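These notes are about the structure you will find just below.
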Amino acid sequence: MNALEIEGVWKYFGDFPALRDVGFRVSAGSVVALLGRNGAGKTTLLRILAGLSKPSRGSVRVLGEETRKESTRRRIGVLGHGISLYDELSAAENLELFGRLYNLPDPRRRSDEMLERTGLDRVRDGLVREFSRGMRQRLAVARAFLHDPQLLLLDEPFTALDDRAIAVLQSMLAEMRAKGATIVMSTHQLREALELATHVALLKKGEIAFAGERSQEMVDDTGWLYRTYGDETRSGGTLGGEN
Amino acid sequence: MLLRQALTIAAKDLRSELRTKEALNASLAFSIVILVLFSFAFDPGSETIMEFSGGLLWLVYSFAGALVLNRSFAREKDNDCLDALIASPAPPGALFLGKALANCALLLAVELVSLAAFALFYDVRIGAHQFWLILMVTALATWAMTVIGTMFSALTVNLRLRELMLPILVYPFMIPALMAAMLLTTDLMAGMSIWGNDSIWVRVLVAFDFVFTALAVVFIDVVLVG
Amino acid sequence: MRDKLLYLLAAVAAVLLTWNIYKIFMVLPAEANVAAYKIVYFHVPAAITAFCGFFVALGASALFLATGNLKYDAFAAGVTEVALAFATVNLVTGSIWGRFAWGIWWTWDARLTSMLTCWLMYAGYMMLRRAIEEPTQRARLSAVLSIFGCVNVAFVYKSIEWYRTQHPSPVLSIRNGGGMGPGMEAPIYWNWLALACLATVLIMIRMRQEQVSREIDSLRREAHAF
């Protein structure tokens, strides 16, 4: 069974199609780098996969089921732009809350485990609003991976993470991969993404310009993909800001 | 299951609010201020105050309540928590009910303090029997206010002018429930029975609560999931 | 084709209105039991049109939520806005009538108060629409508000009616006075037909506006996105 099956997905904002006939399959255990310029539709697509949004047309099946089904949401982990943590609650309280929402058998124990894993066990009772940026990022990672998701959706995860947080994220991603989880990550940090990725999908103006296996050529010359399938004006290098 | 998730969310909201007490303090302060202002509008010592008592109290409750209800879904926007809640297995209905329960508890707390302040400022005696009935009416109408307020808080959560839109939308909708609450409360404060002619207003409150809670639970999914 | 229909309806409305106005002012007796009663021939049909509009908007909103087709949203918005306009007509004519019949500009007559409350609710709907930029989100959220609003119309109408039976106030009515002779009620319905044609014309124009506005929005998004 494929981890992700996207078929004929269109997403309209009014009469404007942000996504046009998007379709591809992701087999279990893959790591997909979702690439594209700002405004190409990466976040829109990820939100649909996460169940935060419904496609106007087409179907999305995650692990064989509809995205909004409770059992499906139980198996999806999302790491977005915001940290999705409550400032007035402590680190432990935040994780236990999500543990309960995800129906974990022992939220407290699992929360303690994750706090240790991300190096936050000493500040478990500290309020999140007192945390440094790096600590908040690490806690956000802990929250996303708390329930051992089988599908991970990451929206530009490496942006604005400090070194320690990146290290934690990379080790957790490796752990998830070893367990056979599927990862879909949209990113501007081409180099890091391409090294991790097994597959690549390039969105251009809401359409899939390329979807396939990652090749060595892509890793060696990060601009190659854009030149071949995207804008001819692009000369390569990392994407960042308004290119 | 839905109830358990709802209680988890309610507990989280209450814990959050009790830790900062921002909305709670603002709401309490506002209600005291309104009661003081009313004393300049009417003669506090006169007998006619009893004719207005229900209306006065519910004006205080609804204005002070708006401060609490505004925060309801707005607090989820900081740090993008709303997305995490919607993506979680918790059904949107549980999200709504949990928040509504927490809001109702906070509103009832503010209202009880306001009632005590009202009794103090305007020298009103409330008998023991009346107190429980007043509590019942207050609870029913507060739930009505909570359901509408929480639902519209969800409706306006992504809007720029959220703080302005919520009162504009909520107050006209509340008119049937507020009317019933005002009438019943005035009756009870004056020591009259609500089970005679005015029993229809109890039924209005119950029907309002029932219908709009059902509508809210059904439509919250459409509102939250884009 | 659509334009031809529009002109045809406009012509029908104009003819009906002219004929009605002639009949009302020239043919019917100048005085009945109630002063300035002729205004009722606009006051009542406007109310009927407004309430029909709110009800139709409920249907259109439900259809939009079921199908996702933005045409239904354009229809709902158009119908609501036109209904709101006719509600305004009802309120203003009611106020004028009250001035002539009772000497005061506003009597808290049950029907006028209900219409005022509904006006406030749907004015909120228009404000909500204005506050949301993205067309699909706007359609979705205003559809939910429209459904809540229409359900509440029933509560509002009945509650205020019951309130007025307990606390009577001047009532605007021609039936009470017994001043309606044979053939005097018919113009109400003929004028309703005229107003309904007018309403349809306005709704069709409004729908076209919504469609164009969506096209512009879509072009703007395309220009800004890439």
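Read from first to last, the chains carry the letters A, B and C; within each, the first residue is number 1.
The rule we apply is simple: a residue touches a chain if its C-beta (ideal position, glycine included) is under 8 Å from a C-beta of that chain, and two chains touch if they have at least 3 such contacts.
Worth saying up front: this structure is predicted, and the values here are computed from it rather than measured.
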Which of A-C and B-C has more C-beta contact pairs: B-C
Central chain (by mean CA position): B
Rounded Å distance between subunit A and subunit B, as computed from the means of their C-alpha atoms: 39
Cα-centroid distance, subunit B relative to subunit C, in whole angstrom: 31
Rounded Å distance, subunit A centre to subunit C centre (Cα mean): 49
Contacts with 2+ other chains: residues of subunit B: 226
Contacts with 2+ other chains: residues of subunit A: none
Subunit C: positions in contact with at least two other chains: 136-137
Residues on subunit C engaged by subunit A in the complex (per definition of touch): 68, 70, 134-137, 214-215, 217-218, 221-222, 224-226
Complex contacts: residues of subunit A adjacent to subunit C: 12-16, 18, 37, 39, 56, 205
Subunit C contact footprint on subunit B (complex, rising order): 151, 155-156, 158-161, 165, 168-169, 171-173, 175-176, 179-180, 183, 197-198, 200, 204, 207-208, 211-212, 215, 219, 222-223, 226
Of subunit B, residues touching subunit A in the complex: 5, 8-9, 12, 15-16, 19-20, 78-81, 83-91, 225-226
Contact footprint of subunit B on subunit C as seen in their complex: 65, 117, 120-121, 124, 127-128, 131-132, 136-137, 140-141, 143-145, 147-149, 151-152, 155-156, 158-160, 162-163, 166
